[in-house]
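The structure follows.
Labels for the chains are A, B, C, D, E and F, by order of writing; each one numbers its residues from 1.
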Amino acid sequence: MSKPNKDAVIALDVGPPAKLTPALQAYFDKCQEKLGFVPNVLRAYGFDTVKLQAFIDMVDDLMLADSGLSKLEREMIAVAVSAVNHCHYCLAAHGAAVRQRARDPIMGELIAQNWRAAHLPARQQAMLAFAEKLTETPAKIEEADRAALRAAGFSDRDIWDIAATAAFYNMSNRLAAATDMKPNLAYHDMARTKA
Amino acid sequence: MSKPNKDAVIALDVGPPAKLTPALQAYFDKCQEKLGFVPNVLRAYGFDTVKLQAFIDMVDDLMLADSGLSKLEREMIAVAVSAVNHCHYCLAAHGAAVRQRARDPIMGELIAQNWRAAHLPARQQAMLAFAEKLTETPAKIEEADRAALRAAGFSDRDIWDIAATAAFYNMSNRLAAATDMKPNLAYHDMARTKA
Amino acid sequence: MSKPNKDAVIALDVGPPAKLTPALQAYFDKCQEKLGFVPNVLRAYGFDTVKLQAFIDMVDDLMLADSGLSKLEREMIAVAVSAVNHCHYCLAAHGAAVRQRARDPIMGELIAQNWRAAHLPARQQAMLAFAEKLTETPAKIEEADRAALRAAGFSDRDIWDIAATAAFYNMSNRLAAATDMKPNLAYHDMARTKA
Amino acid sequence: MSKPNKDAVIALDVGPPAKLTPALQAYFDKCQEKLGFVPNVLRAYGFDTVKLQAFIDMVDDLMLADSGLSKLEREMIAVAVSAVNHCHYCLAAHGAAVRQRARDPIMGELIAQNWRAAHLPARQQAMLAFAEKLTETPAKIEEADRAALRAAGFSDRDIWDIAATAAFYNMSNRLAAATDMKPNLAYHDMARTKA
Amino acid sequence: MSKPNKDAVIALDVGPPAKLTPALQAYFDKCQEKLGFVPNVLRAYGFDTVKLQAFIDMVDDLMLADSGLSKLEREMIAVAVSAVNHCHYCLAAHGAAVRQRARDPIMGELIAQNWRAAHLPARQQAMLAFAEKLTETPAKIEEADRAALRAAGFSDRDIWDIAATAAFYNMSNRLAAATDMKPNLAYHDMARTKA
Amino acid sequence: MSKPNKDAVIALDVGPPAKLTPALQAYFDKCQEKLGFVPNVLRAYGFDTVKLQAFIDMVDDLMLADSGLSKLEREMIAVAVSAVNHCHYCLAAHGAAVRQRARDPIMGELIAQNWRAAHLPARQQAMLAFAEKLTETPAKIEEADRAALRAAGFSDRDIWDIAATAAFYNMSNRLAAATDMKPNLAYHDMARTKA
């Protein structure tokens, strides 16, 4: 049993990258062009193009499709869930995203540290309180929790999106933890200064 | 704010079903033919075909693609994770699946109640212990946990599959909890008698 | 140190069964006649007739004596407590009982999976919320918790019965866990179809 | 809804004491003679002589019958479990008992505060570690936990007694918490000085 | 690696006592005169007079300086926090203090066992509920928690003192736990009888 | 009850700053000169110079005095403890310090996110594992935990320093949480680029 290579993207030797489909190659190229790199989570999934495509389809829909939640709000959920789970990968990657989308690097950090300290609007406090409870004690969600979101102004369709986003990061946090996934170093410096 | 309809699949009014793509229609037809019903989780996602297709792509790859884990082992992970999270939907649906794949209804129930009581082979105990720790305290997974799986005979590629499956049900458990998703009644009676 | 016999009722070798008193023999005979078997918990206690009689006296009083709680409600408490504690023995045995008394096998399963998903009447939700809190954080019960039961229509005498039943299964769950007590296989098939 | 009487033994009005059977009257008389009082837990159960007798039968067998555990060891389990559960009644009553049986009031207090600080012999540390795990996470007890007790010199029969005693106080702690049971004031001063 | 000396004040060999400054010598002399002994926590810190002086300055200000909280109330916080953390040293030392300041040994014990059982005035219940939450889940304190203290009659300046005292015992509990600090035996008998 | 001023250093109105002693004024001046600002925690304590001086004396001794732990290691403990407690103030202030002392901004972030992901040397992993356990379950520290530190190369005197530092941040995290203490904005940008 060899010691995992500390420079690898994950601590598992899952084999060489698969040959990308044209659609995936185009996607990787676009990452390279827009971000300057391909996010390591995609490289981690790269040994199997079916898994990779399914992951991309799900995350892009959740984070980028039309929604009553702003893209910033969806990143806030990603970061708040990842903070509960102490997920290094997601705090690095989505911490950068929330700094960027908020155009406010300090607020971005705040969500990663403790959203309660961020003095967010009531709507966003309700959203993150729900995401936190769903992360910590999913079995105890009840109608009153959904009612609190409605009272904060969210539609039922918005509640689905809050739930699906919080749920998704409970998955990806765990995949990252299980595999010791390492974020691209470039995330560290992204959006550190106020836009 | 109207009270959610208790007969609905979920406790959220997310709008009418979208028109299925031909591929999705074929998929639903196949469910109907093989199971006698379309699983409610698919109906729940049915308001948006992009979300529905991404969910199907991910779950079918995880549970049905080639893997060093048997299909039964993947269902065991689904059920053990859902037991930690007390997820009614997933315990009903995957409880049926594990009863069916095990061809042993009692063993199926056992995993849903407490896998430690099932006196499983060491390999499967190691697998479920990892899935349980990843569910409960993902931040505390460390190299020793992966090493324990290797010592139990799993390859690094298998460990990815254990991780990805356990992570996925941490997502779907939470989506089900957040939306009060109701399983098809038919699951209850499936595979109750020894095959 | 020999490996415990996996076919034994418990994982401890506590010696041979004691000679039953006539009263206990009659009790076992009645179990055999009515259930078709003697519950394994009684066999487990069978090495000592004093312990066995005290156990029977307590459980029969709790579950069968006159009470403001119906027998079904007492089984619901047993199952909800056992679900928190993930007790295989009690979920098998009292899961069967709740399916039988409810004359509704699906509702029975539901309580074992997550009572919050069962959409019970407010009275029973209050009862199970109290039993759950008493199970998880007994030190934090306060007057407000008793007041919530009174507000749900329970008398003080009923509250004693809720408390005593929930407390009892916190005991028997732990005896079963500590000894790896195995339920009779017959429980699995009992009351699986709607009466 | 009247406020519970703060001088009552419990915070529930469960009705007047039942007429004691001759056996129970004799038992109460003996308590009065030996302790100078009837323990409040018996008064609390006094509204129903069937419940009272079953409770006495169980607790007296556990704490006083022949066992490979000394009576002091059984009181140590009672106190260690009650410390986890922060049970006022049991810490007062069994704290007195452990001070008395140990003939060492300081050691008695120590178990109530934190048994790990008591530098007990390895046998008793193993016993209390098992009782603590059984109290906190019963679902996670496994063969290794029983093996650790055997390695510390306990027979399987002893392990039953450790388990049954720890389980019993998980019941009585919860009955006391649920009913706000008040211990007799006399416990406070018992066995405070070294015998 | 030698086994720690069980008669030492702590389980660490941190070297010989430093030569006390005149101020510290006077302080130790005063302890000896007033209490009959120097508290072991001071002896534990005695290897370094800078650390010792800083500890004394902080604890004496917290517990003895002018405050909207009575000295008894500050001891109640010390004991309630130490009960959550099961800190033997602090329960022994501050248990004695609360018995003494309350001039009520039984009430003193009660706080150490479970403050909820003490039927304290609403003001003190609010104070201890805040201290308990701050101990268990500091990340979840929010404005509503401070508001509850204000509603119970505390000024903002009092809230600082509640917070600082609860926070301090979360420190000293952990120093005591980490070093296995042993309290002076004399604490055991202090203030056991009603003044 | 007025709403706390969101621009204030803490969410409590504890009155105006006290007149600083010459020693404290010199200390504040030195902060201003070296950091460019006075840390908000000092401003928060500024209403009372006795409390302020005691806090400074303790923290400066812990973090700056001679020790077998490097100053970086002490900051790592501060950050790892604050991560468990999700303390915004301490993660901001000591996150900056750890970035600065490590001369490695990315490693600094890593400790704040999850020290297990940082692949630290065995010595520092042992140190942070102890600090984490002391933070989460102080009652369960036992001789084996101290032995693990000794095996990692720490002297008993070093163990005191690990314990005292971890304990201290369990205090200051809670004071910050209880008062909603806000860090100076300047911390955000400190030491973000590799030195």
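Some points to look at:
The criterion applied here is as follows: a residue touches a chain if its C-beta (ideal position, glycine included) is under 8 Å from a C-beta of that chain, and two chains touch if they have at least 3 such contacts.
It should be emphasised that the depicted structure is a prediction, and the values quoted were computed from it without experimental measurement.
Common partners of subunit C and subunit D, by the touch rule above, are B, E.
Chain pair C-D has a twin interface among D-F, A-B or A-E; that twin, with over half of the contact pairs alike by residue number, is A-B.
Rounded to whole angstrom units, the spacing between the C-alpha centres of subunit B and subunit E is 49. Per-chain Cα centroids separate subunit B from subunit D by 43 Å. Averaged C-alpha coordinates put the centre of subunit D at 28 Å from the centre of subunit E.
For subunit E, residues that reach two or more other chains under the stated contact definition are 86-87, 114, 139, 141, 180. Listed by label, the pairs of touching chains are A-B, A-C, A-E, A-F, B-C, B-D, B-F, C-D, C-E, D-E, D-F, E-F. Residues 6, 83, 86-89, 91-92, 105-106, 109-110, 112-114, 117, 119, 180, 182, 185, 188-189, 192-193 of subunit F are the ones that touch subunit A when the two sit in their complex.
Residue ranges of subunit C in contact with subunit E, taken from their complex: 139-142. Of all the residues in subunit F, the ones that touch subunit B in their complex are 114, 116. Partner subunit D is touched in their complex by these residues of subunit C: 1, 4, 11-15, 50-51, 53-55, 57-58, 61, 65, 85-87, 130, 134-135, 138-139, 141, 143, 146-147, 150, 156-157, 159-160, 162-164, 166-168, 170-175, 177-180.
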